[in-house]
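Written out below as structure tokens is the structure these notes cover.
A, B, C and D are the chain letters, set down in written order, and residue numbers restart from 1 in every chain.
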Amino acid sequence: MFEPIARFFSAKPPEVLPYYVAGAVLFSILMIFVLINLPSRARKPLIALVTFLAGLFYATEFFFPIDRATNKNFLTDYLVPASKLGSLLGGMTLTLGILSLLRVHGRNIARLRAGWYNSVALLVAMVSMVTFGLMDKYGANDGAKKVFNVLFEGMLINMDATMFSLIAFYIVSASYRAFRIRSIEATILMVTAFLVMLGQVPVGNALTDWLPQDGTFASLRVENIKQWILSQVNAAALRAIAFGLGVGGLAISLRIWLSLERGAYFEKEI
Amino acid sequence: MDALWQDILARPAIYAGAICTLGLMTLIYRENAVYRFFEHVFIGLAAGFSIVVLIKEILDPFLYQPVFKKGEWYWTFVFMFGLLFYFIHSRKYNWLSRLPIGFLMGFSAGQAFQGFANTYLPQLARSFRPLFVTTPDGSWDAAAGINNLIFMIVLVTVMSYFFFSFEQKSRVIRNSAQFGRWVMMVAFGAIFGTTIMARMALLFDRMYFLFSDWLRLVR
Amino acid sequence: MQHAFEKIWPVLIVEVLTAVIIIWRIVSAQRGKELFIRRIPGLNAIDEAIGRATEMGRPVLMVPGIGGFSIIALQALSIFSYIARSTAKFGNRILMPVADPTVYTVAEEVIRDAYQAEGHPERFEADSIRFLSDRQFAFASGVAGLIQREQIASSFMFGEFFAESLIFAETGNMVGAIQVAGTVHTTQIPFFIAACDYTIIGDEYYAASAYISRNPTMLGSLVGQDFGKLLIASLCVIGSVAATLAALEVPVLGTASQWFINLFTIR
Amino acid sequence: MATTPGTSAPRDIWDRLQAIDRRVLYVLLLVVIILPLFVPIRLPMVTMPSTQKLYQAVESIPEGGYVIVSTTWSGGTRAENMPQTEAILRHLMKRRLRVAVFSFDQQGSQFSYNIASRVARDFGYEYGKDWVHWGFRPVAGVVMKSLVRDIPGTFTTDRDGKPTKDMPVMQGIKDIKDVDAIVEIAASGIYMDWIGLVVGANPKLKFGFCPTAVMAPETYPYMDSGQIVGIMEGMRGAAEYEQLVNTVGLATKGMGSISLAHVLIMLLIIVGNVGYIVTRARRS
């Protein structure tokens, strides 16, 4: 029964390919016209249906019995195409994001708002990265490669690393300000952070180096206290938090999948 | 001066990197014109790179190659479906954009079952900790038993903190939740303490980049 | 585990049972039963933070994290939608830098709807929601700059946050903003606690929309979630008792306990 | 828990101790980070058992043994992974073992080549005879599966595309059974793949792992079970390793900076709290 459908959706040789592609485009445009004229009371159910079917694919693939020999069921082979489909759809929104950038900064430049030259710098940087990035892939040219190297390895990677490293400064000011014995909670937070810090660095370890390496008193060495906090208290607390997050995530997924979710976006008349 | 120019031409990426590093670092003093300039350059470069990635790693391999090189014409439908996103700016047909959005939501929600099973179920059995533990040679290991008991107490009290719909009337539940919150603070303090090391290593790397790679003052 | 049938019992007992309970509670809640929910201080603070921004006449910042489009981002957007309804009412300026283009697309829609629902569609400025960059630290540099230039009065951070969490929270603290934050990435919670005024921990994040909206559907879901957690906590306790019995090699009971443990052991 | 910075002007020393300007803190941090780069600061160092175990494992490799070093890291974690790579290579070359380096990361391949060339010069190692660099290899799983059965077939060329068939360093190496140890220096969870696909295939193979400090805790269970022979934990592990092989490298300098930074933070916490306690005591 599925044979003719499968044959219709199979890969096509170059001679007929343009017709199929054009046909698909025309059909899609036709469908959009149908959608535009859809009565408004049918819209929400249609969106709910699309959402449900998309979720149903992954749910069925997970719950449907598998063939023990191959560890697959009838949908498993479609997982890869499905993830490609997801990436492609998600990727297509990038244009909307870039349009937002262009709109904000284009307006800055057009109206010569304060700092308009920064917006120019942004656009120049963007255009050069696109130009040389694509040349790097599609047109090998030594000069272009060098420029791309300066833009990517020289600038982008180093800027990433620099912003990341700023956290070192912020961690100092945050711990200086927040770790005060103001309340029980703040005190607990401070004491454990302090102990763990001691356990992290050689200087701290030297403090309890006089304690034996083995035996009962060894557990009082700072590095062992640190290890105990991490492996016992930390692991258990994080697992408990994770269980809650797991159930919460499952609940919100169910609500969205079955269109039970509420809020301005979901309840709006369309 | 000539030597400087030659050096710049020989290592343009290092010089560019050093200037960018210094430019962004000025933020720790305060937001200023130099930072603002480099921030915009950074965002521009990043946006440009995202476009390059989109073309190289999504549109080319998932759309152009399959359709025009392998003849898998049906991907055209996906592209056309994705175009519905752009109706978001239309006053009248705005709702059409909800179709691909709903589709992606469904995709994301549908994966939750496998995600839950993979992430949390294996942890469940690993939480079954015996309170009586023997060492490999058969003797009683009291410390391990106590550790397991502590593990259980922490697990249960922290979970009790996250019950939202039970009124915390009974003192047991209230105290358990309070204790759970304190234990969480221990965990958070520990995370804070361990993270400092990694962040300091990053700053050290930046300084090494400036003083060694760029200025060559340190080997 | 790729499929449920690889280890069907834990999936059925824990996952499916939890899902069924959640749906059952949602449906019964929709029939209109009064439901209780405990206080979540961080969420009460949202109104206070917006109020302060109104007094100071400075903008409100909302950051939906740097994660892609997922249930986590959607939850963040529903919290922001609530905030946007308040700001629409009081006429605050909002700023919402976004790191994922799909989230950006949906965010614009959600916030616009919130303004419309409040009856002030004219107060919505499209430029207040901006796509900055999908690259972690480029986004961070943009947000840090924005916070200082605009001198924001209050800052809300909900969604997926990673290392950059502290950059946002400390810069916000520098300009003296009231900050409320929550994320599912527990490793970032300590930094929010250190630098923000209120922090939502763990699955308080997923309780937020129910708490704020008091919508019966969501509250029902929350009750169902509690049952799910109760189930897991009980299983952990029972499992530990079973493990102890098995370790003590109690006759019969020990074997039964081992069977119970094996039932849940995956790989 | 955060507080808005003091609204009223600090009155006395105790108030001031609680409200040190953040820029002062930042300058102090810069000083303690930069100083050890120029002035060597030797701090008391306690070697962790995990580092010691890795060192012992390398020591126990028989003379003329064969070691594969994989460097799956990039610029982002250079501060931790570069000294690790250098320290382990120093030890291997000091012991005059045959070394093959490669990477599952493009940047890591470049970095490890530079480091290995430098260390090789120090120990008089000849390229192609004593050591080789197989370059960047994408798709870890495929490479690992194939190197178990056939090493020359997996790495037919070196990083410059030169055939490895006739290199002396490749002689007598057919499959995983001829390898004595594998050391992975990584910023990711790639050790799981090694354990799953390679480590079991040769019971006497030693697998050492050098993760970033953040990654380290999750790898401990595998050291307990013996699947990993030893762990060099981040920059700290590298500093300890440098001490074991008697060299003052980047990690020792870095550890000086990082230790001082920790000390600075701890001092600041103490100072802030002292100020807080005194003012509170006075007020009441």
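Heads up, the rule we're going with is that contacts are C-beta pairs under 8 Å (C-beta built on N, C-alpha and C of every residue); 3 or more make two chains touch, one makes a residue touch a chain.
Everything numeric in this text was worked out from a predicted model, so none of it was measured.
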item	value
Between A-C and A-D, the pair joined by more C-beta contacts	A-C
Chain at maximum distance from chain D, centres defined as averaged CA atoms	C
Innermost chain, where centres are averages of C-alpha coordinates	B
Chain A-chain D separation of Cα centroids, rounded to whole Å	27
Separation of chain C from chain D, taking each centre as the mean of its C-alpha atoms, in whole Å	35
Centre-to-centre distance between chain C and chain B (centres being mean Cα positions), rounded to whole Å	15
Where chain B touches two or more other chains at once, by residue number	24, 27-28, 36, 38-39, 42-43, 45-47, 49-50, 85, 88, 94, 104-105, 108-109, 112-114, 116-117, 120, 127, 152, 155-156, 159, 162, 184, 188-189, 191-192, 194-197, 199-200, 202-203, 205
Of all residues in chain D, the ones touching two or more other chains	1-2, 22, 26, 29, 33, 217, 236, 258, 261-262, 265
Chain C: positions in contact with at least two other chains	2, 4, 15, 19, 69, 71, 74, 102, 105-106, 109, 132, 134-135, 137-138, 141, 163, 173, 186, 190-191, 193-195, 201-203, 207, 222, 225, 229, 232-233
List of chain A residues in touch with chain D within their complex	157, 160-161, 164, 168-169, 171-173, 175-183, 185-186, 189-190, 194, 197-198, 200-206, 209, 223, 230-231
Touching residues on chain C, where the partner in the complex is chain A	2-6, 15, 18-19, 22-23, 26, 68-69, 71-72, 74-75, 77-78, 81-82, 84-85, 98, 100-102, 104-106, 109-110, 113-114, 116-117, 126-127, 129-132, 134-138, 140-141, 163-164, 166-167, 169-171, 173, 184, 186, 190-191, 193-195, 201-203, 205-207, 209, 213, 215, 217-218, 221-222, 224-225, 228-229, 232-233
Chain C residues touching chain B - in the complex, by the definition given at the top	1-2, 4, 7, 10-11, 14-15, 19, 35-38, 40, 69-71, 74, 102, 105-106, 108-109, 132-135, 137-139, 141-142, 144-145, 148-149, 163, 186-187, 189-191, 193-194, 201-204, 207, 211, 219, 222-223, 225-226, 229-230, 232-233, 235-237, 239-240, 242-244, 246-248, 261, 264-267
Chain C-facing residues of chain B, complex	24, 27, 30-31, 35-36, 38-39, 42-43, 45-47, 49-50, 85, 88, 94, 97, 101, 104-105, 108-109, 112-114, 116-118, 120-122, 124-125, 127-134, 148, 152, 155-156, 159-160, 162-168, 184, 188-189, 191-192, 195, 199
For the chain A and chain B complex, residues of the former touching the latter	9, 11-14, 17, 20-21, 24-25, 27-29, 32, 35-36, 43, 46-48, 50-59, 62-63, 82, 84-96, 98, 101, 115, 117-119, 121-130, 133-134, 137, 146, 149-159, 161-169, 171, 175, 184-185, 188-197, 199-201, 219, 226, 228-230, 232-244, 246, 249-250, 253-254, 256-257, 270
